[in-house]
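Two complexes come next, and they have one chain in common, chain A, joined by chain B in the first and chain C in the second.
And now, the complex of A and B:
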């Protein structure tokens, strides 16, 4: 165990000085880490310990120490280093460890969380679990939460449909909501969960299989002066044939019984045929008992009661759904479309952060017969490795700037989504990108227009007026609703083709 | 209608962003990690296993364990009391089963020493040859109701502590602790070692047995309980329990003839701070055995290391071992030694943690808290973290620093998988070469793999897939 280099062995004896061997080992270990120190021994000089020192070539030949004496031995590269190490070791005997207060461990599991909720005096039990972990584990955690009687908001995606069906059945049996998977928006008892706008509380109950769809409808209701009693998310697949609307049905049961809910709107992509039949008949039942219902099924043909679906208003756009629902609640939402501007040559490019807003745009443009490219930048193919563009707007800003250099593009359609969960200032990156793209286009004599709507409310953390001002100052044409923005674009295209 | 009665209290598993609109006081943010160490299939099995059947079985199992009040009744030659080793040539060792060929240095050295001690060979070479040829049966202590620290080698002529369950007469055994330095349990087998073992056989064992016969059985639970309030944790610090045991027996021993032997025994006890460790181990073994074979229970009944593998046994899977390769403990080393010298983790002494002593009772033992980072606060945190994986506090082992709450006791495989928290084990570190001895001490955690295996096996037994 001899070091190949020339080394010195120094020792220091503290007479009649006792420290526990563990304390001494810790001091030795700390001292050994010093630069130039090869090995440190810190022991009570008992015969056994002297033997241990000897075995490792660490016993000073002239050591004069008894069992009750503490001895430090340092092998180091130089006398000075050794002396400093001995000083440090001795100082370590009296050093006071800075000891913070004991940090209570945070609960790590659902069961521990349920327990922790009750830990304080007079604390109320936990009643909802928000789950946004990897989809592999989400069903396991959700099942534990359901067993604990918790409602679930499951933001996680990549949950197998079999798991979704099983968990929703378990939830219904346990009398709790399973909102999700891939459910980004809910407002329960006025509490916003996930990506939700700050809307007034009121008497419209919402059941939504779509996140930004629910946001657009709820914020338009708010604009019309209509509040929401509950906004229950059910996950995008709930009305598929596989899931069969299990959670939509459960949510409708809740809202039908709720005295605080006077009208109901269901927001979804069009349900699968079998599910639609059952659902419409369920909705008709609710309507026939005096609680009016709007089925806002994106892309479906509008229909009013007393024709195809007695008792249920069907609307194929978010805006239409919001207007119809506001009307049933005794309020009118007047959407004033923008005056047309001089037609813009070039194609339409939609750069959306909200998936359902992108879908609504596609539907309206398709109906208008306008060729377009509408991108949902929240889709997996664009987000790989990056946060959702509603959280991190930079990814879309890059796309806007790219479009500035694309001579085929004439008009760019945008959404700006506010509310909890969303970026604190989504408008500024859009505004900066818009100005950069426009100056790029104008530098080659091209005209490039930007049309947007802001999905938000005055009470949102970002503040809708502040966000709109930022966009307007950048020259973005602002419509009141997503649908209105899209109609404006469609009108320009019609004009452009006509001219 | 409000859905969240009486007021919203939200457990958030994942991104804080999701609940940013919720008043912070109403959010319980979890420090979540993937269950079952990221093995989603096992996490699912564990979830299915976590039902009323398991809960009932675990309640029965932990009640059985906590009801045992082991008595130290005798110190007898192993061959008289330990089942299955009286005839032929059998030596017992620590940990799960392992063949001679794969054994680590210290365990091989200890088996050579035990062979010499039994007089089955004249020289170490002869002893090794006998073992090479398989002429000596080697078997785990745990298969014979026994436990041994480090190499844990138990030979038929060695005296053993006999721990007795007064309620049903069950027995458990542990070897007698030889002290520190050159000792068999670290693989030393020179004359000094054999001479000491002979003295333990001829003098120490018989005198202790006579003393116990005269004094009467000693209640080990109360002995350990008292020691926990005196700074022991029942595994790596045993000075209080040893002192208490010695104090009880000393007057009886002092009166024995020849007085030179009595004095030698008392001197031996006075010079061995770890003497009571083996008593603690026998007691823990007897307690945990009360749950062995408890159908459907996910309670851990044994953790043991053989210097190559870590082994786990669970109540509901009876005698089955779940094993995986282990590395050396990370810890503090005696002067002149470091991690490169360390043998992979070794010994049956983790039976103490299985019951809730040792690493689980760290809060009780300020003197050795440096192993967990330096101060008593860390020790309290260590003990509290073990609450997350145990079935309940041990009623007879209150720990003063946590307001006399019982030490966390009874490791539940399902809780380990759900929390990802691994059992903490206080351990001595052996040199990897036979006979060098103890070179340090520290903390290890049980390896995750054995808990995954256990969950698969338990699920399989219940037809869950």
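And now, the complex of A and C:
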């Protein structure tokens, strides 16, 4: 590599600007990866930090900034490269605040925030509060908002189950939704909240206790030409015995009454036994009143209406749930499986960013009797101190490279999740890591294959075709659905053991 | 030392400040209030050299007021002291803040143990 003789140092100061350091680090590391960028600094312009910048020859001589200003410094090979990098970084830093035409309120306290929201601009006051603070404090904030008649999207996790039950009862009594806790995905009146793919508006109402499960089903419906009326998240514990499906029941009430909803799909892990009986009979009731229902309960045996559950279609995979729902809405979703390749020796390793996609993979491989190790890299044990791998794909890239040196691994399963909230370019880090891992494996004469599916739609901001091309160019085998990718792997393993 | 620590490092509460909050928390835990006030007097002149948010945390820490996460970290350390669990909890707070706090806390702990072993040897 030639290192250019001269470099330029450019900076940008964002006055009185705060950004969570996790977000800041993600943007800094993305900026540093740009072609022609040598080094990046992103710090509050305190005297000590200016000293640190000076020590590493990164302090702009004419820097005019105070301690409460964020300074972004780029050393690059040319003036233009530096300017482009700074533009991109600034766009990334300010994107959250300026997206859409909605003016941001900056309340100092929860009460101020609730009052500002309710006052609105006189025409359409806010009717939903998104809560994303430490779980210990979320219930206090949520309760105030619920008592003021706001729907809740509670992104926070680590909320005690007793609080969840209390708040959900309070919400139902007040006629508002409590989506969460730990709810990352919802689409209300066409507005995506949290992680959501850009799907068509349509007639299918969704109630989901899982984030990426809801994303996979909604994007497959979109692929089949079927739109979504509402996607109501209820939090992963809603159908547990403790919570008893309080919010699922309320969401079903709303969707049953909603004129824009003609069919309903519930996406969840299997409900606890006590909850399942009541829920299935509730779903049968809805179906008998003319809105067909699919219960997509991961890992459950498939069942059609005329057998165990009259009126309700039960599917045990996300793909199965999407196909059955599309069918009820008058569309067919045809999934073409991949042709088999020459069997790969070695075990199966799954490196997933989507928790429910990882669960679906485990279920299908277990049914096929394939030994495997499937990791959900979004799980707490992997995310401590860093962003979720759907936001920052670097954590998974490291795991992929590690697997390149693990001689027991033959085939690696991956998911790439697009949509709002997800990384702007999740495919590139995967592709780079795949190429590095493969060349490592091949250097010792080992074959290593990668199989993936992209959970996205044609309208997603990342550009699904571009993302797929990046993966394909790196030699990743791409399947249409997560389930199809897993079936392909299962078939390979069966072949590998037979040979 | 304070001149290069206060306001240094990434984040809205720069790492250096988090370490100092950790040290103040450690001194409070051991009841070393005299040391707290000595350190606090030295910190005050440097307060304008950091961010508003961090200044607030430092001021509160000098008065013995700490966030719940600091209390949790102290409890974990004082409890069964499982180092993995402690580190895991610490790394959940912010990008680096939790670990920075832990560095401050542990440095007080280490200093205190050194002093005690010298005392008992004497």
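Please note the rule applied: the second predicted complex is superposed on the first by the 385 of 499 C-alpha atoms of A that agree within 3 Å, B and C clash if a C-alpha of one lies under 4 Å from a C-alpha of the other, contacts with A are read in each partner's own complex, and residues count from 1 in each chain.
The criterion applied here is as follows: a residue touches a chain if its C-beta (ideal position, glycine included) is under 8 Å from a C-beta of that chain, and two chains touch if they have at least 3 such contacts.
The structure displayed is predicted, hence computed values, not measured ones.
J.: Once the structures are superposed on A, label A:68 by its partner contacts, choosing first (chain B), second (chain C), both or neither.
T.: After superposing on A, A:68 lies in contact with chain C but is clear of chain B.
J.: Determine, under the contact definition given at the top, whether A:189 touches first (chain B), second (chain C), both, or neither.
T.: The answer is first: A:189 touches chain B but not chain C.
J.: So, A:230: does it touch chain B (first), chain C (second), both, or neither?
T.: So A:230 only meets chain B here.
J.: Looking only at contacts as defined up top, I'd like to know whether chain B or chain C touches more of chain A.
T.: So, of the two partners, B touches more residues of chain A.
J.: Looking at A:25, would you say it contacts chain B, chain C, both, or neither? Reply first, second, both or neither.
T.: Both partners.
J.: Pick one for A:144: touches chain B only (first), chain C only (second), both, or neither.
T.: first
J.: Have a look at where A:6 lands relative to chain B and chain C in the superposition and call it first, second, both or neither.
T.: Neither: A:6 stays clear of chain B and chain C.
J.: Touch check for A:273: first (chain B), second (chain C), both, or neither?
T.: In the superposition, A:273 touches no partner, neither chain B nor chain C.
J.: After the superposition on A, what does A:109 contact: first (chain B), second (chain C), both or neither?
T.: first
J.: Could you look at A:133 and tell me whether it touches chain B, chain C, both or neither (first, second, both, neither)?
T.: Touch partner of A:133: chain B, not chain C.
J.: Touching chain B and also chain C: which chain A residues?
T.: 20, 22, 25, 42-43, 48, 51-52, 134, 136.
J.: Can you list the chain B residues touching chain A in their complex?
T.: Chain B residues touching chain A: 1-15, 17-22, 26, 28-35, 40, 43-44, 47, 180-181, 332-337, 367-371, 374-377, 380-381, 384-385, 388, 418-421, 440-441.
J.: Over in the complex, which chain C residues touch chain A? Could you list them?
T.: Result: residues 3-12, 14, 16, 48-53, 68-69, 88, 91-92, 94-99 of chain C touch chain A.
J.: Which residues of chain A touch chain C once you look at their complex with the stated criterion?
T.: Touching chain C: residues 18-22, 24-25, 42-44, 46-49, 51-52, 67-68, 134, 136, 384-386 of chain A.
J.: With touch defined as at the start, can you tell me which chain A residues reach chain B in the complex?
T.: My answer: residues 1, 20, 22-23, 25-26, 28-29, 39-43, 48, 51-53, 55-58, 73, 97, 99-103, 105-114, 116-117, 123-134, 136-137, 140-141, 143-145, 150-151, 153, 155-156, 177, 188-189, 191-194, 196, 198, 229-230, 254, 257-261, 391, 420-421.
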